[in-house]
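The following blocks contain the structures, represented as structure tokens.
Presented sequentially are two complexes of chain A, the first with chain B as partner and the second with chain C.
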Partner chain A sequence: MATYIGQRVAVLIPVVILVFSVVFAIMHALPGDPVQLMLAGAEAGVTTPERIAQLRRSMGLDEPLYAQYLRFAGHALRGDLGQSIRFQSPVNQLVAGAAVQTFELSLAGMAAALLIGIPLGIMAGLYENTWLDSGAMLLALLGVSMPLFWLGLLLILLVAVHLQWLPAISGQQLRGIVLPAFTLGFVSAGLISRLMRASLIEALRHDYVRTALAKGLRRRVVTTKHALRNALIPVITVAGLQFGGMLSGAVITETVFSRPGLGSLIVKAILWHDYPLIQGAVLLTSVSYVLVNLVIDVLYAWVDPRIKYA
Partner chain B sequence: MEALPRSPGGAVPRPARRIPAAWRIFARNRGAVAGAVILLGWAGAAICAPRLAPYDPLGLTGPSRQPPSALHLLGTDLLGRDVLSRLVFGARISLAIGLVSVAIGASAGSLMGLVAGYYGGRLDGALMRLVDAMLAFPGLLLALVVIASVGPGLQNVMLAVGVSSVPLYARLVRGSCLAVRAVEYVQAARVLGGSDRRVMFRHILPNVLGPLIVLSTLQVGSAILIGSALSYLGMGAQPPTPEWGLMTSDGQAYLASAWWISTFPGLAIFSAVMAVNLLGDGLRAALDPRSTYR
Partner chain C sequence: MSERGTTRRAFLLRSSAALAGAWGARLLRADRVGAAGGNLTIAMAADAEPASLDGQVDPYVSAWLLNSFVTDPLVLLTSSRKYVPMLAAGWSASAGGRIWTLPLRRGVTFQDGTPFDAEAVKFNIDRVMSPDTHSALMANYLGVKNFLKTEIVDRQTVRIIYSSPVPALLYGLSICPLWSPAAVKQFGPSFQQHLVGEGAFKLAEWVRGDHVRFVRNPAYRGARPWQEHDGPAYLDSITIRFVGEAGVLGQILKTGEANLVAGLPAQAVGTYANNPAYTIIAGYQPGNGMMFVMNTGRPPLDDLRVRRALRYAYDQDTMNQTLYNGSYVVVKGPLTKYTLYYWKGAESAYRLDPARARRLLEEAGWKLNPRTGIRERDGKPLALTIVMLHHKEIGEYLAAQFRAIGVDLRVEVVPGPVQLQRAQSGEFDLMYERLRSYEPDVLFDEFYSKNYRPGGWAWTRFQNATLDKVLLETQSTTDQTRRQALFTEAQQLVTEHALCLPTLDDPQYYAMTKKVHGFRLGAIGSWYFVNDISVET
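And then the complex of A and B:
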């Protein structure tokens, strides 16, 4: 197990270095002058030659490219991601605060996806080729075809504006996270229910199910204790991968519901041309995505001993 | 989750014979046919937009925020522009985003996969690390990163969405390429003096054509989704372009009083993407009989 984890981490190192380089390239391979763009975007056009020169010096943009790269890398390794132009505060503080919010939202979204997707998939699988099955599969199709921002707006219109059950703008209370979580989880719910269905149908066809039924066990027991347990394994892996993908869905969901978080921070930072903030937020998001996927893989190998991690 | 190589040696598909069978499977699939019809409808709207649209999509043709009526079937937006006319013209933009970005992604990605799979070795290793790095950005984020560096705008959206789909094609094509590289007919083509380029494009690429068509079709749907999401976020089409995502975001502030401004453009995106997905699933069933997704 330890060697397996070691190997997986070793493979990740070049990937993280490449991600890092791509993020660095965003800011430095730009045509045009990033400093002027940033000042125009972030400080509303108050550009004096002194301010430009000062910013260029403070960001080290007057150094050769390789020196900038090494300096950026060195600082990032020590957790220093530079200074946001717009907020005039350290990027790592801004990004860390937002990451907590996004993590909460992703957890809630995952919970919504599992709560909808698994029961739906089980029903569809048990009652294969009935109206229940078609209904569940239709929902899965809706999930992958629905623009997230539109789903969010429809939910706001229906649940918040007309029925007035839940708030449209999520504040600090727990109720506020319900609609965003449902929006974020909807796509994954579709995929999970589709996979749960396929996996359960396949498990029910195995010999051990027939054996258990032949022994005289009740169908209910066989389904839940024998088939379902095995059928859940691939579902859990995919759910894990979906969890990483929620970081991307959060970009839209947070914007629709005006929630603070990494996603909405990246969007704002891009619109403001706040390059240090973009760099930091994108770097943190993709590194956490890679790490989440690593953790899922390791957990998977631990849960299912049949996975060979030699 | 990797795309599996689907053409092991021996069973070499013969396209000429499979087309009728594939067509029959496809035509029996009601969902796929429905998808094709909806999509043709949108394509027709895009082509005949100037004739179909009752008003000028950019013109101020009525009072602001008029609910749907006989005069304005889907109402008017904040500035008094006809929502239906804007939707019809918007079909041009969304379909263009879908097609152009898939063309960019599929050609760049397939070339990358072919080269990596055919030459192997260090080149393969380097290209696949690059693919891994691109896959390390979850979904929308890679497109956002590209937009952050090239700036907002419609053309940049096509580029961004295309670039972010490159790894999918590269992996698919590389997998198939590895699977058939050592097969006899490829070896024979090489021994007979076929150039690398000829072997890659005439003998290897046709093997992946089925899965490649399926992936490209489904990607048109996700390209429309991501493209409209970028415009919704303010990084794609700029006002007053009648782009569906942008129109949805325009109406957001008036959701409670003028629901139609946001609802109809969203419905348009949804219907187009669902049509593409239905069509793609139908094509998968028809062209890719070994597929285990269903």
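And then the complex of A and C:
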């Protein structure tokens, strides 16, 4: 297992280099100059070409592209992601601050998704074709089809504005994460519950379940110890992908609940052509994505003893 | 009683009234001081959060506003639109506006205890001008392109020397924050997290994307000429919360998470307007308003008749009523009426006259194709592209109006970087352009032909020797009467040559609970003063 994990971590290096290079190329191919964008304040004032050149020089943007690439890569290897053009702050600091917020939200969102999705799916699977199944799947359908921002706004209106139970602005308090986590989790819960249901129904029809029941094992034990464990494998795969998606794509939830996260930071960085910030943020998200997938693969082995990694 | 003569009775009455007034004012002060304190939470759009909290670097008014809590400027632009000395004890311009001498107020110290003196002012101005500071806009306002040096005349007098005049320097000085040199050196690149000025509030913390918190500076001794009281502010603290979604910002007062909303979305105004528990205040913006400049560098808008036809084809008042229930400000010239040296003549220059618009297009050779309803010339339809950033409905409204005269207007909404790229490459017919400044120098930025280049704003590509001459003179004239005449002429020329489509301007709305007292707007709609604010607990 240790060798396998080592190999997977080693795969990170080419993946990160590839992702970084593609992002670097795309960003520099896009029209727009970060210095001019930085100078394009909404309050007027003409800038001379000399001043633009001066600023470009002081930010190292006048160097050839390969030199900029190598400089950034060299600094990144030493753990320094450079200085953001737009925010005039170290990229490390900006990305780390936002990543913590996003990680917190994704973790809470995933917890909400699993806590809602798995029991709902199990219930639907066990009571297949009953009103419980229909009710659970209706909820799941709502989850997968409801736009995130709409659900978020609806919850804010109901829970924060009318009932005043929870804050509308997420903020730094623990209670502030409840609504965004539920919003983010509810959508994933729809997918997870549908998959859980289908997977459990399929597992319950397998021969080993019939054999276990014939041997006289209680249905509850057969379901929890045998069928459920097998049925969880595809759910874990999807949950892992969903978690990866949350890490890089929680931007809508972050915006609705006013949370400073990685998603909104990347959007701002792209809009302002803030090369160092985009590169730093993408570096972090691609590493996170690969690591999350690694954790999922390791979890497979834990759930299904038949899976062995050499 | 004559105007000149004063009877004893009248004198006594006046004296009593004056005494009562003074006593009342003192009572009011005492009452407010007695009620001093409270914590103000201001909600504002997350988009308005400064990228850098250091206004010497950041180019947006929101940064300068938040800085004004922490530090006073050298010169103050009052609510009544007058420049008055603040940390400068006065100012004088010599050598035709090339040399500015500023004596400074004595006995002022920064929040870290270091003295505010000529050396500190020189440090700040030199810092803004240095390319290493990456000052995006403040350097422009302080006249970087003509800047030679800052000189210390004596401990309390500083002199700024330019190679050519900087007539609008006072506006720059009124928004430029002044920081403690010791703190700037101490905190280096992270100074924006540790702002140290001499103002009424200290920066307590900034959690990026979430909030900024300021606490009262009890040692503040500042005196602002029009304020209700001198010395420390009433409030204990101010917290700015950044709200990501306009819909949430519109409802946030009702949740109790804020007691003031700055920049309330227009669609939420109705929520509070008729509710006695809240107060709504509208702040109006100087500058262009939502203006669309015309690309005169390519057909069909290189033809004055076509440009004028467009001006006759729509009416801003109807647009305002139709789209915003009349809540926006109608703009009929290149400047809003809240800008210095606004020319009123723009209001009657073009009135809705579709028949005249059609005639002009006919004269220009654009004949109506009855099959499509769009005019054509040499087989080419009269199709225009309007590029905008937001308020798409304005583009759609214009499209509907222009269709009535046979012009096909296509609306494109693009992000800011694309707008800049399109503007510089000239790939547009009508382009959203809106600069906001109390000084009318935005006209020079936008219509002086040599400013059509990277870093410039003259996107119309219009070349006219008279307009250029007038605009160029505005940049070297310090005499205010002459400046007014020049800017008036510039507005007339821009209007006469139909270089832009002025439309509307969205006011900056503030909503607050009735417990908030002492809120006062500045000279520009997005500016307000906090030293007199108190919040009932």
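What we mean here is this: the second predicted complex is superposed on the first by the 264 of 310 C-alpha atoms of A that agree within 3 Å, B and C clash if a C-alpha of one lies under 4 Å from a C-alpha of the other, contacts with A are read in each partner's own complex, and residues count from 1 in each chain.
Throughout what follows, a residue touches a chain if its C-beta (ideal position, glycine included) is under 8 Å from a C-beta of that chain, and two chains touch if they have at least 3 such contacts.
Being a predicted model, the structure only gives us computed values, none of them experimental.
K.L.:
For A:Asp62, is the partner it touches chain B (first), chain C (second), both, or none of the two (neither)?
P.N.:
A:Asp62 sits against neither chain B nor chain C.
K.L.:
In the superposed arrangement, which partner chain does A:Gln88 touch: chain B (first), chain C (second), both, or neither?
P.N.:
The second partner, chain C, only.
K.L.:
Between chain B and chain C, which makes contact with more of the residues in chain A?
P.N.:
Partner with more touched residues of chain A: C.
K.L.:
A:Gln164 contacts which: chain B (first), chain C (second), both, neither?
P.N.:
In the superposition, A:Gln164 touches chain C alone.
K.L.:
Is A:Thr48 touching the first partner chain B, the second partner chain C, both, or neither of them?
P.N.:
Only chain C; A:Thr48 stays clear of chain B.
K.L.:
Considering only the touch criterion stated at the top, classify A:Glu128 as touching first (chain B), second (chain C), both, or neither.
P.N.:
So A:Glu128 meets neither chain B nor chain C here.
K.L.:
Looking at the overlay, does A:Asp304 come into contact with chain B only (first), chain C only (second), both, or neither?
P.N.:
The answer is neither, since A:Asp304 touches no partner chain.
K.L.:
In the superposed arrangement, what residues of chain A touch both chain B and chain C?
P.N.:
Shared contact residues on chain A (touching chain B in one complex, chain C in the other): 30, 149, 153, 156-157, 161, 255-256, 271.
K.L.:
List the residues on chain A that touch chain B in their complex, please.
P.N.:
Touch list, chain A to chain B: 14-16, 18-19, 22-23, 25-27, 29-30, 141-142, 144-150, 153-154, 156-157, 161, 198, 241, 244-245, 247-249, 251-252, 255-256, 266-267, 270-271, 278, 282, 285-287, 289-290.
K.L.:
For chain A, which residues count as touching chain C in their complex?
P.N.:
By the definition above, chain A touches chain C via 30-33, 36-49, 51-52, 54-55, 57-59, 83, 86-90, 94, 97-98, 101, 149, 152-153, 156-157, 160-161, 164, 167-169, 171-172, 254-261, 264-265, 271-273.
K.L.:
Can you list the chain B residues touching chain A in their complex?
P.N.:
1, 129-130, 132-133, 136-141, 144-145, 147-149, 221, 225, 228-229, 232-235, 245, 248-249, 252, 255-256, 259, 262-263, 266-267, 269-270, 273-274, 277-278, 294
K.L.:
Looking at the complex, which residues from chain C come into contact with chain A?
P.N.:
Interface residues on chain C, with respect to chain A: 43, 46, 51-52, 54, 57-61, 131-132, 134, 136-137, 139-141, 144-145, 189-190, 192, 207-211, 241-245, 247-248, 251-252, 254-257, 287, 415-418, 420-421, 434-437, 441-442, 444-445, 451, 453-457.
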